[in-house]
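Below is one structure; the comments refer to it alone.
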Amino acid sequence: MEFSFSSSASKIIHSTGFFSLGGGDIIMLGVACVLIYLAIWKKFEPLLLLPIGFGCLLANIPMSMMASTDSGGLLNFFYQGVKHEILPPLIFMGVGALTDFGPLLANPATLLLGAAAQIGVYMTLIGAVYLGFNMQEASAIGIIGGADGPTSIFIASKLAPHLLAPIAVAAYSYMSLVPLIQPPIMKLLTTEKERKIKMEQLRPISQTVKIIFPVIVTIVCCLLLPGVAPLLGMLMLGNLFRESGVTARLHETTETHLINIVTILLALAVGSSMTAESFLRVETLKIIVLGLLAFSFATAGGLLFGKLMCKFSGGKVNPLIGSAGVSAVPMAARVSQKVGADTDPTNFLLMHAMGPNVAGVIGSAVAAGVFISLFGDAGAAIDTHAALAPIIGNPEPGMQALATVVEAVKQ
Amino acid sequence: MEASISAALNVSVLAMGVIFTVLVILIFTIQLLVKLIPYKAPPAPPARAASSPSNQDDQVAAITATLASHMGKRPDEFRIVNIQSH
Amino acid sequence: MEFSFSSSASKIIHSTGFFSLGGGDIIMLGVACVLIYLAIWKKFEPLLLLPIGFGCLLANIPMSMMASTDSGGLLNFFYQGVKHEILPPLIFMGVGALTDFGPLLANPATLLLGAAAQIGVYMTLIGAVYLGFNMQEASAIGIIGGADGPTSIFIASKLAPHLLAPIAVAAYSYMSLVPLIQPPIMKLLTTEKERKIKMEQLRPISQTVKIIFPVIVTIVCCLLLPGVAPLLGMLMLGNLFRESGVTARLHETTETHLINIVTILLALAVGSSMTAESFLRVETLKIIVLGLLAFSFATAGGLLFGKLMCKFSGGKVNPLIGSAGVSAVPMAARVSQKVGADTDPTNFLLMHAMGPNVAGVIGSAVAAGVFISLFGDAGAAIDTHAALAPIIGNPEPGMQALATVVEAVKQ
Amino acid sequence: MEFSFSSSASKIIHSTGFFSLGGGDIIMLGVACVLIYLAIWKKFEPLLLLPIGFGCLLANIPMSMMASTDSGGLLNFFYQGVKHEILPPLIFMGVGALTDFGPLLANPATLLLGAAAQIGVYMTLIGAVYLGFNMQEASAIGIIGGADGPTSIFIASKLAPHLLAPIAVAAYSYMSLVPLIQPPIMKLLTTEKERKIKMEQLRPISQTVKIIFPVIVTIVCCLLLPGVAPLLGMLMLGNLFRESGVTARLHETTETHLINIVTILLALAVGSSMTAESFLRVETLKIIVLGLLAFSFATAGGLLFGKLMCKFSGGKVNPLIGSAGVSAVPMAARVSQKVGADTDPTNFLLMHAMGPNVAGVIGSAVAAGVFISLFGDAGAAIDTHAALAPIIGNPEPGMQALATVVEAVKQ
Amino acid sequence: MEASISAALNVSVLAMGVIFTVLVILIFTIQLLVKLIPYKAPPAPPARAASSPSNQDDQVAAITATLASHMGKRPDEFRIVNIQSH
Amino acid sequence: MEASISAALNVSVLAMGVIFTVLVILIFTIQLLVKLIPYKAPPAPPARAASSPSNQDDQVAAITATLASHMGKRPDEFRIVNIQSH
């Protein structure tokens, strides 16, 4: 290496980011700043969108080695946790630790509203196929309608990793926009009389039931749809830490510092996948449009099923709680409360809407499980995953492969 | 592999069916559970205070030993009767 | 891929867990529920047995990819931390941060009680050899008598990884049962007069001694038995964080959120190794019987040595503190206190029993060190471990191996 | 394996550390004890030097497999986080969360003092070259003058990993010695009149500016010097968590338990690299001498530039705040305050010195970026890093390599 | 590869130049920023209390529902008007 | 490899011997340590309050600067004499 003044200066100048800064990079730096702006000043899911935006900022500085695809770069290490589907289940454990399923247990029929809202997933899937996406991609886009961040990231990284960035950003952005997207649809699809319906108070639930519930859900749902075990299992484990009453230490860690650490790693990793190459494509625009569709249809699905339940219950169910079936906890339930109170200030729907709201989380996880059953070719999944495991766990496979090759060559 | 709209429709109908099936099974399970284990009002608060006598014994023992150590007395020269948290 | 309605439906049905649910899976799901029940309602070491049980539940749902052997599955990733012996030392760091060695320092002779209680390890080892286990397996089973979870998991994963699940479950279960197992043995082996012995108050210990102690223990024990360095070294580092007075931040993290996070990962990993194939064997029954034996002999060993110390000290030592030498901190010390107080309510043995109690932890670690010196063939250990390290740290070995093979083939 | 009494006994004796304890090991155990002593009783950066010393202790117990070079050993796993430059940026995220850039924003000209203090880096670099080190080694040694631990470790592990241990120890030791090293130089280079200068109060800064600042710094500095993105980017992300006001959860975790966990892992890893082979060399002595030189020149550089600013500002700047430009936050700023108050007890320089103090952190990071631009051959860096990533992320390269080889052999 | 002192000097001068350049750019950016966005004294504290009406609505709704559940009344039989934290 | 009972016995006796040896060495080390560094009663509490004057200086400086900044005065126009935590 030569260290004359001019050669050193030239080396520094050629290694600046400016030297290889392309138009795409500049646009993506702008996108990163917009995300950071929305997170801080518009309070769009700031816990996620702030580090996602910052990860995007770092990833799009040329030569910084901070894109998810830069082998050996810092954010590439974090990205392994997304790629191998480790981080989303850990986030879900924290979500479970933060969730009270009481309102759902008090009115289990609201699970149907969480199911009905999944129609948004499938309307979007059909729309995505119509726009030219293949079935796996369409499924990953559709899951945006589940209004659930970790589920979207989990499914996208499994079925369509090249679309992870726009899917994650769309999911979190529209979740933040729930208070804007839902009310007009809610007012359009319900009558004033329906919105004024006051619901009966929720009955109290035994602590024992609250403890058994996560175990039952795990057994039932994971037996039926085993692919959802990492997500739903960890959600329910977090909830069991919360409700069991004997694991306060684990509950506290799970709902605070563990979920916070994992959130930082996950969000930076997602942001680092937002490179010009992967994001500035016509597919991203399509996904943004389809995402809005997904949320709207999910809202409508929940509301219409709510009207059905209203009719069948003899007017005891306020259809406004149906829109909370999209997940987006607890934002969507608050919207139900607010739209109800706008019509009649003495109508308190919040706790009633929490039932379908958490049902929406379970519903989306089940929808994810269906996708994994359909597309997550178990064999293929093992192949993909096999990358790390045999190497860490077992030094032999590589040697066996070598031996096989040598045998073949010798003949 | 371009997917056809009809395939998408098939998958969608099937998936919604599975989702409703799974969640209906869950509803029945919950209803059964709630019926089998009804809510009971929690026992009166005083019951709770008396619930961990062994722990309190430990505390008495620990505090006694510590006090003894500091006061330079044998533990049996004095007795702690009760600990009240406030 | 075809997406006709019937082919899709068939795919979903064939991928349900029910489709491949065997009798063994059902039994293991039952075992998992029993563990969860014991953890929550019987308060059997709930911080460990609850996530172990839940890990077992997930691992035994067919097709869920959650067993420790499912390459690329979520719990397989956590299992690497057990396999590579990373998680048990981290737990031990937290245990050290939580432990006050003051009572041991005030009465160092009680270290002998922690040594005597290790007889349980060796009686069990002999019993295990008698029942047909080989020496490594017998050692791993024997260490259950050390009554110390992380040590048992560390040794089992090193010497007999195929027996990890039953050994870990037996160790934690019997630790919870200490209040049931020990008192009858204690009353059988001591006279009422002995149980009434009141011990002299412990002398206060200089903070400087408390700081130097962990350093001394590390140097002495690890020089004599280097294999125990990961366990004992981290235990003593955690204690140094606690006693040094200058690392309050590290101490707080070590004894709360770090140990909690590691506990969750470790327990899920252990649970995920409880598959029907590895657990539903006659060996498991043998281990359960041997485990009970181990605890009983350890208790007896401590008590009988306590009687010896009583005699030699001219009646100044209450033999009841000997049973605390099994470890199971602080449960065993509480049992000593309680049995003593049952005989004479003015007898306060708790602090005196804390000495042998923490001595038991050191004793078991030393016993583990002896096993590693005897069986942990350093060369073999390096081979096993070499799996991960050269690959992460050095891209060349693989290429060198390739080159070697190619050379060989060419000739 | 034979288990006669004598063969077993011989095995245990031969596996003790005493059996292969060399003179170097004994000296290093002494060094470890000295570090622990300095950390606890002299309060030399105890959060780092205590675990570094303990890691050194464990690494130098023969046969304990705890050196950073022992593949598969516990501390070797932690060392991967240093080697792959993951841990220092995470520490920097915590530092950012703990840092208030307000005083710097109120008086941005103090950034120049942070720049001037970097002269210590380059005087040391020249000195190191003079003493026979090559350019990369000299740069890694020079960065000690940056008075910033994570930056030193980051650069040393990138440019001269074989010198990591003495560089890290020198950096942290001299940072602790700032209150001893700086005052004589400060009194020598300033007049009493200068030291009595009272500075104008800092103007308040808008919260919006505090939020935008970390984003601007990231964009400007990382575009100019992309190699510094992991360090400076994470520093600024941590600060954004602090100032944004919408990510209180992430801020709290980052500045407490996350930085604590990473500190423990990093310090143990650094300590584990202090083996006799790597540490007991004449280079270590040179580095210790050069490190002292580095701090002295950095202090002088800041002071002299402070005198310049004093002159140009018409006597409004007290040159004593210049010495705070070395980083060593907040120690160096406290020294400025103290030396100022020694001359005039009514002179309050602390907040004024905080500006150059945090400027010193940015300055050192920029200096690190220059080194990476000059020496961190991007291609080579990718090669080095490529070790882990393709294997975890992609099963194919190995197979492709195999295929290539097989092709070559077949011909 | 032994390095020469002159190379070290070249690198040092260049690096100090780069550092000063980068930090001077930062200084100008900060000065611009501070000029564009001047400090404003924070609004009076009472403003803060009224700042999150929607959250308070939530709290009223939640507390009302909970109270109703415990008192065995329908939520519209009583009304919470305001919540004061103290 | 089936192990023989006699091998197990050998290992057990040896291991118990090693354990007792190691722990007896520890006992002697601790006894030496405790003898060399005897316990001293902690100094009277007022000593502690005065123990960190430099920290307090920092606090005075920081508070003075902050107050000055908020009150619009120069730091030397007033003086903080002491900080008491309560």
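Each chain carries a letter (A, B, C, D, E and F) given by its place in the written order, and its residues are counted from 1.
One rule holds in what follows: a residue touches a chain if its C-beta (ideal position, glycine included) is under 8 Å from a C-beta of that chain, and two chains touch if they have at least 3 such contacts.
Predicted model, so just to flag it, every value in this text is computed and none were measured.
Although chain A and chain D carry the same sequence, what matters here is overlap: shared residue numbers make up under half of all numbers found at their interface.
When the contact pairs of A-E are matched by residue number across A-B, D-F or D-E, over half of them reappear in D-F.
Inter-chain spacing, taken between the CA centroids of chain C and chain D, is 37 Å. Inter-chain centre distance (chain B to chain C, centres taken as mean C-alpha positions): 25 Å.
Residues of chain F in contact with two or more other chains: 1, 3-4, 7-8, 11, 14, 18. Shown for chain C are the residues that touch two or more other chains, namely 1, 3, 8, 12, 84, 135, 203-204, 224-225, 256-257, 370, 374, 384, 386-388, 391, 398, 402, 405, 409.
Under the contact rule defined at the top, the touching pairs of chains are A-B, A-C, A-D, A-E, B-C, C-D, C-F, D-E, D-F.
By the touch criterion stated above, chain F contacts chain C in their complex at residues 1-5, 7-9, 11-12, 14-16, 18-20, 22-27, 29-31, 33-34, 37-40. Those residues of chain D that touch chain C in the shared complex are 1, 3, 8, 11-12, 15-18, 21, 29, 33, 36, 39-40, 43, 46-47, 50-51, 54, 57-58, 61-66, 70-74, 76-77, 80, 83-84, 256-257, 260-261, 263-264, 268, 383-384, 386-388, 391, 398, 401-402, 405, 408-409. Within the complex, the chain C residues that touch chain D are 84-86, 89, 93, 135, 211, 215, 218-219, 222-227, 229-230, 233-234, 237, 240-241, 244-247, 249-250, 252-254, 256-258, 370, 373-375, 378, 381-382, 384-395, 398-399, 402, 405-406, 409-410. Residue ranges on chain F touching chain D, taken from their complex, read 1, 3-4, 7-8, 10-11, 13-14, 18, 54, 57-58, 61-62, 64-66, 68-69, 72-76, 79. Those residues of chain A that touch chain E in the complex are listed here as 1-5, 8-9, 12, 198, 200-204, 334, 337-338, 341, 346-352.
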